[in-house]
Amino acid sequence: RFGLAEEADQVGVVTGLAWTSVGGDLLSIEALRLPGKGRMKTTGKLGDVMKESIDAASSYVRSIAPEIGVKPPQFEKWDIHVHVPEGATPKDGPSAGLAMVTSIVSVLTGIPVKKDIAMTGEVTLRGNALAIGGLKEKLLAALRGGIKTVLIPQENEKDLREIPDNVKEGLTIIPVSHVSEVLEHALVRKPEAVEWDEVAEEAAAQALAKGAGGPGAAAH
Amino acid sequence: RFGLAEEADQVGVVTGLAWTSVGGDLLSIEALRLPGKGRMKTTGKLGDVMKESIDAASSYVRSIAPEIGVKPPQFEKWDIHVHVPEGATPKDGPSAGLAMVTSIVSVLTGIPVKKDIAMTGEVTLRGNALAIGGLKEKLLAALRGGIKTVLIPQENEKDLREIPDNVKEGLTIIPVSHVSEVLEHALVRKPEAVEWDEVAEEAAAQALAKGAGGPGAAAH
Amino acid sequence: RFGLAEEADQVGVVTGLAWTSVGGDLLSIEALRLPGKGRMKTTGKLGDVMKESIDAASSYVRSIAPEIGVKPPQFEKWDIHVHVPEGATPKDGPSAGLAMVTSIVSVLTGIPVKKDIAMTGEVTLRGNALAIGGLKEKLLAALRGGIKTVLIPQENEKDLREIPDNVKEGLTIIPVSHVSEVLEHALVRKPEAVEWDEVAEEAAAQALAKGAGGPGAAAH
Amino acid sequence: RFGLAEEADQVGVVTGLAWTSVGGDLLSIEALRLPGKGRMKTTGKLGDVMKESIDAASSYVRSIAPEIGVKPPQFEKWDIHVHVPEGATPKDGPSAGLAMVTSIVSVLTGIPVKKDIAMTGEVTLRGNALAIGGLKEKLLAALRGGIKTVLIPQENEKDLREIPDNVKEGLTIIPVSHVSEVLEHALVRKPEAVEWDEVAEEAAAQALAKGAGGPGAAAH
Amino acid sequence: RFGLAEEADQVGVVTGLAWTSVGGDLLSIEALRLPGKGRMKTTGKLGDVMKESIDAASSYVRSIAPEIGVKPPQFEKWDIHVHVPEGATPKDGPSAGLAMVTSIVSVLTGIPVKKDIAMTGEVTLRGNALAIGGLKEKLLAALRGGIKTVLIPQENEKDLREIPDNVKEGLTIIPVSHVSEVLEHALVRKPEAVEWDEVAEEAAAQALAKGAGGPGAAAH
Amino acid sequence: RFGLAEEADQVGVVTGLAWTSVGGDLLSIEALRLPGKGRMKTTGKLGDVMKESIDAASSYVRSIAPEIGVKPPQFEKWDIHVHVPEGATPKDGPSAGLAMVTSIVSVLTGIPVKKDIAMTGEVTLRGNALAIGGLKEKLLAALRGGIKTVLIPQENEKDLREIPDNVKEGLTIIPVSHVSEVLEHALVRKPEAVEWDEVAEEAAAQALAKGAGGPGAAAH
């Protein structure tokens, strides 16, 4: 089933695009949310740059938590595991950043990812999309694998003129400059924001902590 | 006794299939559940890819915990040790993933694994079975070792036409595409699910925590 | 968008200047403040010297916390992530120290950094600016990238005579000897100090801790 | 004194058998139990495989704790240190597994190990004995060192026909297939089991924890 | 400003003396004390031997804490950061030990270090000064940098006869055999001791801990 | 002062004997006891074998704690730092084990070590002395350094016939087989034992812990 688009919209499963000396390939990215203690685990023979891109993706998602309906303290009660099969194939590079963000958002919100979309693009800590390499090989792999829509960084739009016409006709190619656009295209529905006022929450937590010892005494 | 099927149905002991330059071999995989603190230990001169396949297996099992009768918080009170004898032989690769899942499920549920079954297949975080290499050598080793039934990934079914007839006649070969099928074939009985509502449980835990200080005072 | 000045004043985003064998380049430095536990994360394929320069920058900022309106214990409730895109490009050296300090101060205070300023300079634990190399290449990259103002270490002022006139005319070049000057030039407004008396705070904290058990008894 | 049998029955000291390119040797294995926090320390220039064999031995012993009279939570209140003198000589391999188990059981129970016994054999997580190499050299070293009884894995019994008669006459050689047989032969007396019902104990612990806040209020 | 004496007496900043194949140099050593949890951080591309010399200096200072007015438990409430600019220059060796001690004492006591003094010498865990190499090159660098007074280990006094007269006339060279002499010469004033009776303090702490639960009951 | 005997009886300072390709040398071993959390630190460019010998020495001392007047829980309230100057000289090997034990016992008990004694010998976890190499070179270094008494392992006594007569006449050479003999010869007075009944202490601690919540309620 590898090298092919997913068969159904799934939570936490995103199709990325890889590029190696032997051509492009689809890259299935899987995230899992588990009851835990705020730990992040990554597996799949990932190089340091790809691991760092997961760190950046994770921090970006934490920074927008309330916008996707997650209260920040919740992060300390979940573990997140990001895995990239096939486990024996080495993978590296930052270009799966947008896919990592999408996968993590999907798993945190429980909103499935559309099955016939693929994406490529580095992500910054502010959610901006940065240019990637191997666009042609990646688009060919997407077409071959039955993908319908591909999100690429705005910065790579200029490279589209070198892409063969049949590829551009077989795929809907959407240049994006920010994660917000990615989520809009990739998730089956929009996450709902939750209110979160850091200062107010902290004050409330402290009041509660103090009260644990005090009120009983006052009631005598 | 190595290179031979197990002599009895045992809890936590699963027969995997290894493939090296000198042929196939049976691989005994042992898991142990100990009272502890949620720690995972792996031993047996395992390479990084096999260690990661244990991580993926473990996360997958945690993600289906209620379905096998385990409440998620229970994971923080057990240690799990996965060992692959013989300790001096280096082992690597992702193809023992399904066996790792089976071993961990067996040890968590206390349900024994059938002694004359062997299995091979990479596992994803969603419990899907991925293709492996060395199918012919692995099946030969299974036959030689007295195994009756072998579970292989659905993706490898196409490779069966290259397998000698005597091997296919001596073994029941079952292609599987998901862990659920593996557990059905490998465990001596089906695990019973337990109800688990994450949101409700968390609310209850918080109410209990708050009550520890408060109700006593109110009763005065 | 890389190699160009930022498009807007942003919180936590600072433009540094890099210098390699193939010339100078703009270096976007991003910090993020997250609810957390005092952890510091750094990503972007950073060498050990650049990581240490972030450590030094971070300690310096902690040492002046009250001056920028942050009470020291607050540091144990935030995580800070510093990332330097592009993630596949190795970066090293201490010369981004002043930019690291500025980025961290911006993210802690919520005060944006001016979008058309760039800076280069090592920082000491006392906030002093130390000389850097590659001044000419860095200034050329700044000019090319649309930067208007560049802060350089006072110790490098003597190197300005080797810089072509058109570069010096196209940029406002400001030599600085201390972080205080950097913040004045780079932030859109001055941080407001908060009062912090370590000894008094500690005494208050201890009194509160003791009181948790005591006052109830006294009230009988 | 090295290369010779122990002079007295001691707690935690077991004689193993090593095999190198220059012949066999006695290997003194020492364990110590200290008041602590569940930490395990290993010293003596041990290779990774030998360290893993100590991990496996330790997990096996934890898994049979009640059978040797130790309640599982007790493990979190002790540190165990396993040392293999002579500290400058590198040691490796899994074949000291049975000796490691015996040493740890002895130190946990306080039951001494017979001084004129030696043993060799890998151990699995279920306490099974696996075959080792260098049987002839190891038996020669045992004879030379004044050992009276040697425990070897059942799987190695077939190799006894290649052992010179004088060696077989000078030693009592006992093939074993499980740790239970090893302990019976090596310890001066049998450990007494303690009752331990994991589920019941946990329930009791939780009741106690809850009671700390609650019962007082109920008594008013 | 590097390679020159400090411009003012500063807290936590000490001038050491380095010696490399290209001659001697001044080495600015900076320590910072931050509210924290007893953590020690070191930066500046320091080799393992220099890091260990900071460990030794730190332990020595902890061992004399009451003599410099610091109660030992205070160490668990501070973090200390020792940095040696310039961050891109590798530094190693134990000869900055006395300077490390002085820097840490200065930062803990808040007493400034005299700006025109430099020092070289390894330190032991008892505060003894041990001989160093490169005395001539170090003294030349001190003279060149505007230093007035140099502290050297007593064990190096015999090497002074090989030092040119102009160097010996331009500098006040003081041989020292213990940290106590170093502090007397280097700090602008003597630290005041604080009383500390470990046994009494511990007893008091325990009494307080027990009382937290008890007195309330007694008052009924 | 290095290469010479100590000038006074000191707490925690022991003279060991090193042996390298260029001859023997005195090795000053320093231990320091600090208020802390049970941490052990080692410095002085020590190789892994010497670090492990310190681990073994430390565990042995913990195992005899009551015999030297130290209650075991006390170990969790102290940090111990073992340093071997000169910091730039690499040191390795297990032969300083007896000296490490002596240094740690001295620092824990506050009993000084005799200044004109030196010692060499590996130590086991039971406190036994094992043979060392380079006896001749070590004794020559001891004589040269003004040492009066040298403790050597009993197992090395046979090597004394190869030692020149003038060395044997200039030194009191005492073969020892156990740490108990070492301490008797090296410390200026014998440590006093303290009573310690692990089981009783634990029961008392548990009773206290339970009582913290209970008695108040009972008193109403």
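We call the chains A, B, C, D, E and F, going by the order they appear; numbering starts again at 1 in every chain.
Everything below uses one rule, namely that a contact is a pair of C-beta atoms (placed from the backbone, for glycine too) under 8 Å apart; a residue touches a chain by one contact, two chains touch by 3 or more.
Owing to the predicted nature of the structure, the values given are computational and were not obtained by experimental measurement.
Path length between chain B and chain F in the chain contact graph, taken as the least number of steps between touching chains: 2. Homomeric contact chain B/chain D is classed as different-residue, with under half of its interface positions used by both copies. Comparing the centres of all chains, each the average of its CA atoms, the largest separation from chain F belongs to A. Distances between chain centres, each the mean of the C-alpha atoms, put B farthest from chain E. Taking each chain's centre as the average of its CA atoms, chain B and chain C sit 48 Å apart. Put simply, the C-alpha centre of chain E and that of chain F have 28 angstrom between them. Within chain A, residues 213, 216, 220 each touch two or more of the remaining chains.
Contacts between chains close into a ring here, every chain touching precisely two others.
Round the ring, from chain A by way of chain B, the chains line up as A, B, D, F, E, C. Here chain C touches chain A in the complex through residues 1-2, 10, 12-13, 28, 30-32, 34-35, 41, 43-45, 77, 81, 83, 85-88, 212-213, 215-216, 219-220, going by the rule given at the top. Those residues of chain F lying in contact with chain D across their complex are 48-49, 52-53, 55-56, 59-60, 62-63, 72-73, 75, 93-94, 97, 122, 124-126, 128, 130-131, 155, 198, 202, 213-214, 216-218, 220.
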